[in-house]
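Below are two complexes that have chain A in common, paired first with chain B and then with chain C.
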Partner chain A sequence: MKQGGELPWWIASIGVALGIVLLWQVAADRGWVSPIFLPGPDRALAALREGFAAGGDLTLHVTTTIEHMLYGWVLASVIGIALGALIGSSRRTRDYLGPTLEFIRPLPASAIAPVAIAFLGLSQPMVLAVIAFGSVWPTLLATAHGVASVEPRLIEVARALRLSRLQVMFKIALPNAVPDILAALRYGLTVALILAVVGEMLAGQEGLGHRIILAARSFRSPDLFAGVILLGLIGFTSNALLAVAERRLLRWQGR
Partner chain B sequence: MRPQAPPLIGFEGVSLSLGGRLILDDIRLSIARQEFLCVVGSSGCGKTTLLRLAAGLLRPDTGQVTYAGNAVTGPAREVAVVFQDYGRALLPWRSAAGNVSLALEAAGVPRAQRGPRIAALLERVGLAHAADRYPAQLSGGMQQRLQIARCLAQEPSVLLMDEPFGALDAMTRQSLQDEILRLVEASGNTVLFVTHDLEEAIYLGDRVVAMRPNPGRIAEVFDIPLPRPRHQLATREDPEFLRLRRALFDFIQEEER
Partner chain C sequence: MRFPRGLVVPLLALAAAEAAMRLSGLESDSIAPPSAIARAFATALADGTLLQATGETLGAAAAGLGLGGGAGLLLAIALGLSPALARLMRVPVDAFRPIPSVALIPIALLAWGFGFPMEIAIVSFACFWPMLIIGQAAIAGIEPRLLEVARVLRLSLPARIGKIVLPAALPRLFVAFRLATAVSLIVAVTVEITTNPLGLGYGLMQAQQALEPDRMFAFLLWLGLVGWGLNALLLVAQRRLFGRAGWVAEEVR
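Here is the complex of A and B:
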């Protein structure tokens, strides 16, 4: 798309967002929804300002949630890429591991949480385990697919050049899987954020999930909305950062 | 013709079946060191299979393929393969320089030495200006030049070329024919060149092997006594060239009848 054609859309999308905020404000001011459940954007913003001010606890909770999300995601990504590469590179590992993975994969991460709690307690490692379990699948499957779908001609080129198995993996198969992996990593990060919040709600320690559930239980709706807004921002920003990284790494596809 | 030396590549009674079908039947052929041997024949005559056997990508059912007197058991670094589908044979995520680098990495050339060697190789195939471009940003002819550069990076004694110019337009084709002759002349390579273009085979080769299908077998071998260096106009107008062209053409026609 041309630069000139993009600008009006930008304005339009910002306009829509502002319109929704305005509608929200009007709904709150007119009392269409009880203020106990729906604070106006003004009150939500005030709660945000207060939370980040000296003595507020939001900075702690935000960093905790981001840490949970990132650690869990990195763990899931490392495991996903390693296992995926193993599964994608050999028919035998596919045959051996495939059925087991197909059984485990559809299990909802939330169903795994009680199991994780039983083994790890209401702890940080439990939260990370649940996040890693939930967000490992897209990366694992994408890596396995990308590694297994190398152009056969390139395998012949590798044979003609007498590349070792390890060289084929790192110079051909994994780079070939990079577009798939990047898309999966982006999706996995979203899943990681969701599960970070779920884990924090269950574990009841620090983090935005914990803070949101406390706010909800005590009908502090501005705090609740402040938490939700922050989660939205975290999700939006992390996704945008990965999109930039993706565009850089895949510039060979361009033009 | 170049002086006859003991054969570098030998097919000694080679037969091969694939999927229950006899593809090649009792192939006997020797390729001399520094010879430029072209193989022609209609599609399905097993000429690509012949090349893949020489590359060590396939093993014969009976008989053996020899390289410098030893049986070929697999691919070797001194034997480079130029594939027809250059678009698929290049790594799309690596720049032109990176693609040449692959062969050097495979040979265990230290990182510090790769840069200058890559630059020299790209220079040799006329791609010095395109070192940082990705394959998708190169034309077909440039992509095939790049694949040739990667093969030259192996410092091979033998180039196996499987219809390398078949997908290129006529002009690009002729300039690449001349470039490959020049490169081979300079490096003293032995070449096995598969093509379905009779004129190309005569223009390039010291000998042309004509194959017939069902099962694939060698039907006739033509010596090409045309002087070198060859010239796109002069060589193609040479009465001997025209005579050979007619002979090969008749031969192929006869088969189709």
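Here is the complex of A and C:
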């Protein structure tokens, strides 16, 4: 398909999206859905404007949520890549640890929250621990898989060159795992945002998760929708940024 | 039989935890020795609370999976068969998909209050996306000659979908279903932990707040077993039903 042929479709698609927003506005104005839980987009936007104006608290909550998400994700990524490399590089560790990891992996990450609360209280470290625990799995498993699936001939080359284990890891195994790791990191960031919201709802301190629960409790639906829109934007932007980074870093693959 | 290396680590960890708790004589509100956890598990199993909570969680997860997954599948068929429709819906889909499902918890809470409907609504939203995205790719990726055959036979649209499209895409649709099932359990438990007073998630939260770590870990362990069992069951089903085709579907996911 030609590039020129795509543009009208994009414009039409944006038109469909705007149509949905318009329908939302009409539904709210006509009172088809109770305004208590469905404010029109106009009121949600007004709440956004107010929240970001001087004296509004949205800037604080947005940065807190992004910080939670990023710190937890970085922690999970470092641990995931290190442990994954360790597990992937040796058949023996795979045999010993594999079944345990396979058992923990399907466990809903938020289920660890009560345990984290029991140890860390309703605190910032609790939120980070929950995020890190939840988003470590995709990276860990992808790294282990990528490191374990090195082309056997490359290992023979490494043996012929008398590379040390560490050199094999950094020169052959990890580069081999990079495509897997990058895809997993992107997925891990999505998980991190979800768990940041969960953690903030439970910890009841700062952050968008806490703010939208408060808005719901006091029936301030425009504030609630403003928060949900911002969370959608954070999710969209972070995913898009990592997708761009992934494409750039993987250019050498040349498909 | 080979030496079961996978069991060494968990068994050693359990023994070490038991020994450490016994020797130190530690009384804690956040951790319990494995023997106490086993006792709490037996109690919860005997008095029916564990099974009732499991039923509530799985019920809400299944209802949400049916509603959201079904809606996702319908849209996937429409978008997979019509490239024009798929292009038109690109921006709306990209705009709604990144919203974290948990962000909708407060909205559902306002609309339905506590109880099954709000939990099912959120699980539905979460299950809608994997079914739509993977399903659409599966259906758009059907061998074009099969669709040509359908046209030559002048099959009606329902016949085309029922006799050609769905059977051809089935292995990958099953992979989507498996993922959506995992998502449904995760989201149901998350809703219960954050707000909804139902099911295993609430049981966990309650045990923590009552400072009963033995009960909390019993629930957590059980939840792990349920998640693991569900996943294992679906993997076996996938292998049985589709054999090599299922394996290929997994690879191209």
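Here is the rule we go by: the second predicted complex is superposed on the first by the 251 of 255 C-alpha atoms of A that agree within 3 Å, B and C clash if a C-alpha of one lies under 4 Å from a C-alpha of the other, contacts with A are read in each partner's own complex, and residues count from 1 in each chain.
Everything that follows uses one rule, which is that contacts are C-beta pairs under 8 Å (C-beta built on N, C-alpha and C of every residue); 3 or more make two chains touch, one makes a residue touch a chain.
Owing to the predicted nature of the structure, the values given are computational and were not obtained by experimental measurement.
A.B. asks: In the superposed model on chain A, is it clash or fit for chain B and chain C?
C.D. replies: Verdict on chain A: chain B and chain C fit.
A.B. asks: Given the touch rule stated above, what does A:W32 touch, chain B (first), chain C (second), both, or neither?
C.D. replies: neither
A.B. asks: In the overlaid three-chain picture, which partner chain does A:F170 touch, first (chain B) or second (chain C), both, or neither?
C.D. replies: Neither partner.
A.B. asks: Once the shared chain is lined up, is A:G232 touching chain B (first), chain C (second), both, or neither of them?
C.D. replies: second
A.B. asks: According to the contact criterion defined above, which of chain B and chain C contacts more residues of chain A?
C.D. replies: In the superposed model, C touches more residues of chain A.
A.B. asks: Looking at chain B versus chain C in the superposed three-chain picture, what is their shortest Cα distance in Å?
C.D. replies: Nearest C-alpha atoms of the two chains are 20 Å apart.
A.B. asks: Once the two structures are superposed, pull the chain A residues common to the chain B and chain C interfaces.
C.D. replies: Touching chain B in the first complex and chain C in the second, no residue of chain A appears in both lists.
A.B. asks: Please name which positions on chain C make contact with chain A in the complex.
C.D. replies: These residues of chain C touch chain A: 5-10, 29-31, 87-92, 94-96, 98-107, 109-111, 182, 185-186, 189-190, 193-195, 200-201, 204-205, 207-208, 213, 216-217, 220, 223-224, 227-228, 230-231.
A.B. asks: Under the definition above, what is the set of chain B residues touching chain A in their complex?
C.D. replies: It is residues 55, 57, 74-77, 79-81, 83, 85, 88-89, 91-95, 102-103, 105-106, 134, 136-137, 154 of chain B that touch chain A.
A.B. asks: If we count contacts the way the header does, which residues on chain A are in touch with chain B in the complex?
C.D. replies: 151, 153-154, 156-157, 159-163, 167, 171-172, 175-176, 178, 252-255
A.B. asks: Using the touch definition from the top, list the residues of chain A that touch chain C in their complex.
C.D. replies: Interface residues on the chain A side: 9-10, 12-14, 16-17, 20, 36-37, 92, 95-100, 102-104, 106-115, 117-119, 190, 193-194, 197-198, 201-202, 208-209, 212-213, 215-216, 219, 221, 224-225, 227-228, 231-233, 235-236, 239.
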